[in-house]
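Here come two complexes built around chain A, the first alongside chain B, the second alongside chain C.
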Partner chain A sequence: MASRRRTLLKVIILGDSGVGKTSLMNQYVNKKFSNQYKATIGADFLTKEVQFEDRLFTLQIWDTAGQERFQSLGVAFYRGADCCVLVYDVNSMKSFDNLNNWREEFLIQASPSDPDNFPFVLLGNKVDVDGGNSRVVSEKKAKAWCASKGNIPYFETSAKDGTNVEDAFQCIVKNALKNEPEEELYVPDTVDVVGGNRAQRSSGCC
Partner chain B sequence: MRGGDAAAAAEEGSPRSPDLHDLSDDSDYAAAAAATASDHTAMRTDSADTGSDETTRIDVVYEKERVTIHPTQYGSGRISGKLRLFLQQGSLFLSWEPNEGDGSLSTSSVAVEIDKYRNLYTIKALPLSDVRFIRRHTPTFGLDYIIIVLSSGLAFPPFYFYNGGIRELFATLKQHVFIIRSDDDPNVFLVNDFQDPLQKSLSSLELPGVASVANAMSRQNSLSFTGSVDETRHADDGRHGAASSMSQYSSKQKPKSNDPGRDLSIQVLEKFSLVTKFARDTTSSLFRDNIGAHAYGRQQHGYALDNQASDKQKNQYVTPEKDYVPSAPVESDPIPLVWGKQRDRPLSVEEWTAFLDPEGRVMDSKALRKKVFYGGIDHVLRKEVWKFLLGYHEYDSTYAEREYLTAMKRAEYEAIKSQWKSISATQAKRFTKFRERKGLIDKDVVRTDRSVPYYEGDENRNVVVLRDILLTYSFYNFDLGYCQGMSDFLAPILYIMEDESESFWCFASLMERLGANFNRDQNGMHAQLLALSKLVELLDPPLHNYFRQNDCLNYFFCFRWVLIQFKREFSFEQIMLLWEVLWTHYLSEHFHLYLCVAILKRYRQRIIGEQMDFDTLLKFINELSGQINLDRAIQDAEALCTIAGENGASCIPPGTPPSMPIETDGGLYVQQDEVL
Partner chain C sequence: MDPPNPNPDGDETTDNQAAARLAALSLRGGRDLPPDFHTAEIHEHDLDEEEEEEEEEGYLTAPSRGGSSTGAWKETFHDDDKDGDDVSPHSPSSSGYAGERGSSLDDDPEPEPEPEPELAQDWPRDKKHLDEDDASSSWRKRKKHFFILSNSGKPVYSRYGDEHKLAGFSATLQAIISFVENSGDHIKFVRAGKHQIVFLVKGPIYLVCISCTEESYEGLRGQLELMYGQLLLILTKSVNRCFEKNPKFDMTTLLGGTDAVFLSLIRAFSWNPATFLHAYTCLPLAQSTRQAASAVLQDIADSGVLFALLMCDHKVISLVGAQKATLHPDDILLLANFILSSESFRTSESFSPICLPRYNPMAFLYAYVHFFDEHTYVTLLTTRSDAFYDLKDSRARIQNVLLKSNALVEVERSLHGSALHVENLPTDPPSQSASQPPESSRDTSSQSPSEITIGGPAGLWHFIYKSIYLDQYVSSEFPSPIRNQKQQKRLYKAYQKLYASMHDKVIGPHKTQFRRDGDYVLFCWITQDFELYAAFNPLADKTQAIKVCNRVCQWVRDLENEIFVYGESALSW
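Right after this comes the complex of A and B.
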C-alpha cells in the first residue's frame, strides 16, 4: 500500500461533454489527436510514466463521461484521486459556467480528507478553434475564477495541436504530489519514520 | 396507517414544515428520544449471523415498520418491511427485512411474482461506515423516501416511509455517527466513516458481503470459498490494518491450493449441481444436441453435468477427443462451459417467406425468434424483420396494416419534428434547454460510428438525419430527453432502415425497453448491475467472492457493456447480429446479462490469477473491446442461461431493463432534477 502511494498518481479529468477531455488525455499520453473519438461511456484511464524531481511516477489519468446524468458514477471512479483536472471549452460559456458544479460534485463524491486544499488544475481547451475568433470566455475571466477557488493553476490548451498540454500535465503532476503527504499518513506505524520524511520532501516539491 | 409505533406518533405529533429536515433542530432530538424511549430495547438476537459468539449484543436504536420498497411500479408490487438501526460492538448498522407474507399484498399474479424477490432486497447488517451518503426525497405529493448510496457506488432502491419517521432516522443517525448535510444539496446527508480504517475494515470483515445488496442467496456457498470464514477470524485476532491485510492474506492463500483452476471448476460444478434436476436434464440434452450437430468442430471441450455433479471425486472434464486443446492464449480460462448450441446460419429469405401467411402475418413468432436467436438474420432481411423484433410492428399484422401504420407514423413523425423545426433563432435564444440539448446531440452525432462508410466524411447527410431523429425523440419523450449512448443505439438502426421516420419509430420502440438505462437517477443501470452481481454469485461463486474481496461488487466495470448493450465491444457488423439475438428475448429478456457473465467467466482465470483490482479490471474490460469472440460468447451465455433457469430469473428483479416498464400514473421518465 505504502509503495503504491508513492509511485501511482491518480488524476481525474472532469468537464462538460465535448470539451476535449479524451483528446487532452490522448494528446498528452500518445501525442496523437483524432477527430474520431467517441463520446466516453462510463470511464477509462490511460497511464504514463513520468519523472518529477528525480522520482518516477505512474500517472493514471481518468477520463469520464461528460454528461451530467452520469455524475453519480463518480463515487466509484474518483476514489483515491490525487488531483482533479477541470476542463472547459473556451468557445462555450456553458462549459465554463458548469465548472463550479464539477468541482463541487467532485468534492462530494471523492470526499478528500482536506477538501479546502485538494489540488485542482483548470484547462481552457480548444484555443486553436477558428483562430480564437469564436472564443467567448476570456483568459481574465478564467483566471478570476481560479483566484476565487484558492489560486487554481490555469492553462490554455489545444488538444488538437498540443499547445500547452505538456506544461499543463507537468503542473498536474506537481500538484498531485501536494496531496501525497496526506495519504502517507495511512502508512502503518512501523514505517512511520519513512512517512515523515516523505511528507517533508513532498511539501518541498509544491 | 396503523398507530402503536412510537416513532410514528412522534412524527404525527409535530407539524410538517419545510425546516423539519434541519438536523440542528432540537425537536429532532426530542422526537428521537421519544422514539428511543419505547423502541430502545436492548435485545439479543439470532437474526444477524454476524457473530458466532452468542453473547454478541445488539442494541436496536431505531426501528420503523412499513418502510417499503417498490421494485415495480405496480401498486401491489410493494414489499413492506422493517428498517432498523442497531449498535453492535460500538458500531452502528442498518438493516431492512421484508415482512413475512405481507398481508398488504394482493393476491394478484404480480404479487406472487414479487414474492419471489422478497429476499433479494434484504439488508442484514450494513455498517454505516460503508455508507457514502443518504439522499432524502420529500416530494410534494406522495411518500417521503430515502436513497442510500454506498461508498462503493452501489445504491439501494428507494425506501418509502409509509409511517413517516425519516426525521427520527436522521436524528438517530446523528446521535451515533458523524453526519453532515451537503452544501450542494440540502437533501443529501454525507455519512462520515470516521476516517478510521481499523474500524471500517473490522466491520466489513465481520460481516462478509454486507455491501452486496442482498445476500440471502447462496450465502453459505460464498462463505465456503477460500476459507473466508477463517479470514474473518484471523482478522478478528489481528485487529490491525485488517483491510489491507485481507487481500494480501487471501492472495497468499489462493495459490496454495494444488490446482486453483480445478478447484474453481469443482466449485462451479457444485453450484450447478444445486440447480436442480431440471438443469441436469437440460444440460444433458444440450450435450446430446451438440453431438448431433457435429459440435466438436470448434469447441473441443466441455463438461457433463451428471447425477454425481456434486461429487468432487467423480467429476472430470469430458474431453470428447481425448486431447484437451486450450483456447486462444488471450482467453486463457481453462474451465470450459457447458455447451450452447452451435450457431446457426442466418434467417434466409426463403425461411422468412415461409414464416409469413399470404397476408403477411408471422404465423409462428416464437419459432421465428428462436431461429433468429440461434443464427441472426440475413442482412437483406434486417430492414423488415427488425421492425418486428423491436416491437414497432406486431407479428400478427398484415402487409396492408403495416403499410397503413407506416404512413400514419410518418405523418406523426413529421408533426413531432416540426415542433423543434419551427423554433426560430430568436426563440432559441430564450430557450436554453433546447439549445443545450441540441448542442449535446450535435456534439455526439459527429462522433458516432464515423468510421462506418455510411456515416463517413464531412457534411455527411446521414449524420444530419441522426441528429434530427435524436432531437425529435427528445421532444417525443421530453422527460427522458437525450442522453449519451442513444446515438450509439440509433446509428445501426438508421443504417438498416435508411428511412428517417421508420428509424425514429424503431428507435422509440427500443427506448420503451431501454429508456431506463438513461434515467437520471440511473435506477435502470443500478438494477441491471445488481442483477448481474446476483447472476455471477449464482453461476460463479468464486468469481463473485473475488469481486467482493476486491471491492468490485458495484460492477461498474461492466457499465459500458450494459448501457449500450456491447455496442463499443464489437464491430458494426457484429453488433447488428448480437442485437437481433438480444431483441428476440428468446431465452431471457435479460440475455445480455448472461452474456456479461459468460465473458467474465471466459477471463476469470486472468482476472483472479493476476489479482486485478478495480482499476485494473476496468482497464482490462475496456481493452477487451474488439477481442471478444462473439459466437462463443453467445453460446456460453446460452448455456449459462439454460443452466441458471428459474434461479437465474429470480436474480433479476421485475422491471429491470430491458423488461417493459410498468405504466404509472405519472410519467415514465420524470427526471428529478435537470432535464438535460
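Right after this comes the complex of A and C.
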C-alpha cells in the first residue's frame, strides 16, 4: 500500500432534470455519452480516482435525481459533502433560474459550518447543441451570477464531446480542498475513577 | 480473474440477469431489492457454504473442490449443504450423495484438480482481496461482508475489497439507511432471498453486515455490536465529537493499521463461543496455581491498577479489579482480540490507550501489555498516562511470583492437555444431583441406543457449559467426528442458532430444547444457574442423552475449582 494517505471527497451534483448531470458523470468517469435520456431514480453513485498536485483522491460522486419528487431525500444525501456541483443547461433559462433554489436548498439541508465559503462549482452544459444557436443563457450572465455568489468557478461544458469536463473536475477537487480543515489531535478523555466518571455495568450484578 | 462458472450446466441467463440486478442494486440506491436476486447464488451457495469463513482458503472454485474430493470429504460437503435448512424436515431424497443438488460437482466436464497456483499464493498475502470491488463477481459471491461507514456515506472499513473503490457502494448503504430515517423510521434488516442485510446505526457511525450464512438476525446484529465495541476500544465514543464539529470527517485515518483487529474479530464470530454467549472462558488450572497468580495480581490492583488480567491466548488465567470495578465479558473478548491480533504487542512491552466500551465508552484507559511467552500475557489497566514505569515494575513482581510458583510451566502444561474430553466423562452417575433433570418426554424417534464408540457416552460429541452467575463458560475438546475446522465452525453455527432460539424474545425464553437433524442431536438446557449446549451423534437416544447431560453438569460442578475463576469477582458483587 502506498505510504501516502488517500483522501476521499464526497461530491454532490445538483440541477434541474434533463440538464445532463448523469451524462457529465458518464463522460467523466466512463468517457461515454449516450443521446438517450434516462431519468435518474433517487441517486446514482460513482467512484473515480484522481491525482491532483501529487496526491491521490477518490471522488465519491453523488449524481442526484433532478425531479422534484426526489427532493425529499435532502439532508441525508447532502450531509458531509466536500463540494457541490451545480449544473444547468445553457439552452434552458428555467434551469438557470433555478440555480438559486438548488444552491439555497443545499445550504439549508447540508448546513455546512461556513456556508458563505462552501465550495460550489457551476457547470453550463450542452454548449454543443445546435452549434450554440439555441443558447439562451450567455456566458456573461452566468459569470455575473457566479460573481454574486462569492466567485463560484464556472465552466462551459459538453457532456457529449467532453469539452471542459476534465478541467471542471480538476477544479472541483481543488475547490473541495480549499476547505480542508487542518488536522486536529485526537485526544479523548481518560477515565476518572475518583470523579465518578465510571459507567456502571448494566448486567451481571446482583 | 473470474472464477470458472461453478455450474456450467446451469442457466447462465439467470446468472447474468441476477448479476445485472445486483449491479442495479449497488448503483440505484437500493430502491427496490429484487426479491430473487439470490438466484445466481443458489448453485454456488451449496458449493462454497463454508468458504466464506475460510479466509485461509480464500475463494475456492467449485470445480477445484470437486476435483480433489474424497469420499469423506463429500460427506462433509453434503452436510454443509444442509446447514441452515434444519427447520424443515429433510426429505428422504436429500440423504443421497454429494452431486445431488448442484450436480456440477461430479458432473463437471472439466474439473480443475487444484486451484490456480498464483491465486493460491495470493490468499495468505492479501486476505482482504484489495483488488476486488462491488463490480467483481468474486466479491459478490463472498458469504459474509462487514462494512463500517460514516453517516455521510464515507467508507471506513470493509472486510473484503478496497474501501475507496467501494465508495459508491458505501454511499448506497448510507442512502438506504437515510432514506428510511427520513421517514422517521429505522431500518433493521432487509431479506433478499438467501441474503440478509443487517444494519446497526450508532450515532454518526453505520455498521452493515451482508450475509448468506443463514445466521439469525439477532446473531448478526450481536456481531455488529461487537464490531462497534471493537471500534470504541480503539477510539472511544469521543469520535462522535469529530463528526459534530465536521460532518466531512474521515475516520479512516484514526483507524490506520487496525484492519487485522477487525479481521480477527470477524474470524472469532465463527470459532469463539464468547462472541455469542457473552461469557469468558478460563484456562483449566490447579486451584493452588491460580490462587498464587491471583494473589499477586490482587496486590498490584491494590496499589492503583484498575484491572489486572493474566491470560493465555483467549483464556483467562486470573483477573482482578480494583475496588468495585468489574470487567464485562465482552470487554475481555475485545481487549484480548485487540492484543492478540496486533503483532507489535508480542515483540515488546507496550503501553497503549484503549477504551473498555462496557466499562466506560467515553474515555481512555491505559493498557500495559507484556507477553511472558508466546501465549501468556499480562495486561494492566490504569487511568494514569504516566504509569508505564510503575507498571513495568509491577510486571516484574508478577513475573517473579509466576516463575517461583512454577505457574507459567503449569499454564503451558494445561494448554497442551488438561482440557475436558467427552471421553473422560465419569461413567458413574453421581448419587446426589442438586438440580432436577429436565423432563424426559416421550421419545418418538425410538432409535436403539447406538453402538457408537466415537466421542463420549450416549454419542456425546461436544458440550458448552455456561455459568450464569460467573459469566464464564467451559467447553469440551472436539472429538474425532468433528476434528476438522470446518466441522467445528458448523457446530458453532448450530450452537449460535440454538442460543438465538432459546433466547428468542418473542416466543422465548425456553428452558429446554431437543433437536435432531442429519448432522447432530442438539440439546440445550437453561436454568437459573447455567446454560448447557450439547451435541450428540445424530442417532443418539433422547433419554440417554438427557441422562448424560445431567452427568456433564455434575462433572463440571466437580471440576469447578479448576475450570472457573472464583473469588475475584466476589469483589464486585
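One rule holds in what follows: the second predicted complex is superposed on the first by the 174 of 206 C-alpha atoms of A that agree within 3 Å, B and C clash if a C-alpha of one lies under 4 Å from a C-alpha of the other, contacts with A are read in each partner's own complex, and residues count from 1 in each chain.
In the analysis below, a contact is a pair of C-beta atoms (placed from the backbone, for glycine too) under 8 Å apart; a residue touches a chain by one contact, two chains touch by 3 or more.
None of these values were measured; they are calculated from a predicted model.
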Practice problem: Considering only touches as defined above, state whether A:118 meets chain B (first), chain C (second), both or neither. | Solution: neither
Exercise. Figure out whether A:18 sits in contact with chain B (first) or chain C (second), or with both, or with neither.
Key: first
Self-check item: Which superposed partner A:36 touches (first chain B, second chain C, both, neither)
Solution: first
Quiz item: Looking at the overlay, does A:28 come into contact with chain B only (first), chain C only (second), both, or neither?
Solution: neither
Exercise. Could you say whether A:94 touches chain B, chain C, both of them, or neither, answering first, second, both or neither?
Key: first
Quiz item: Who does A:155 touch here: chain B (first), chain C (second), both, or neither?
Solution: neither
Quiz prompt | Which superposed partner A:106 touches (first chain B, second chain C, both, neither) | solution = neither
Quiz prompt | First (chain B), second (chain C), both or neither touched by A:58 | solution = second
Exercise. Have a look at where A:169 lands relative to chain B and chain C in the superposition and call it first, second, both or neither.
Key: neither
Self-check item: In the superposition, chain B vs chain C on chain A residues touched
Solution: C
Quiz prompt | Residues of chain A contacting chain B in one complex and chain C in the other | solution = 1, 41-45, 60, 72-73, 75-77, 79, 113, 186, 188
Quiz prompt | Interface residues, chain B side, partner chain A - complex | solution = 132-133, 149, 151-153, 155, 182-184, 188, 190, 195, 197, 240-241, 244, 436, 439-440, 443-444, 447-448, 450-451, 483-485, 487-488, 518, 520-522, 554, 556, 559-560, 563-564, 568, 614-615, 618-619, 622, 674, 676
Practice problem: Could you please specify the touching residues of chain A with respect to chain B in the complex? | Solution: 1, 17-18, 35-39, 41-45, 60, 65-70, 72-73, 75-77, 79, 94, 104-105, 108-109, 111, 113, 186, 188
Practice problem: Spell out the residues on chain C that touch chain A in their complex, using ranges where they run on. | Solution: 27-29, 31, 130, 150-155, 164-172, 174-175, 177-179, 181-182, 235-236, 238-239, 242, 245-250, 252-254, 306, 323, 325-326, 328, 353, 355, 358-366, 383, 385, 469, 471, 572-573
Quiz item: Along chain A, where are the residues that touch chain C in the complex?
Solution: 1, 5-8, 10, 41-47, 49, 58, 60, 62, 72-77, 79-82, 110, 112-113, 181, 186, 188-193, 197-199, 201-206
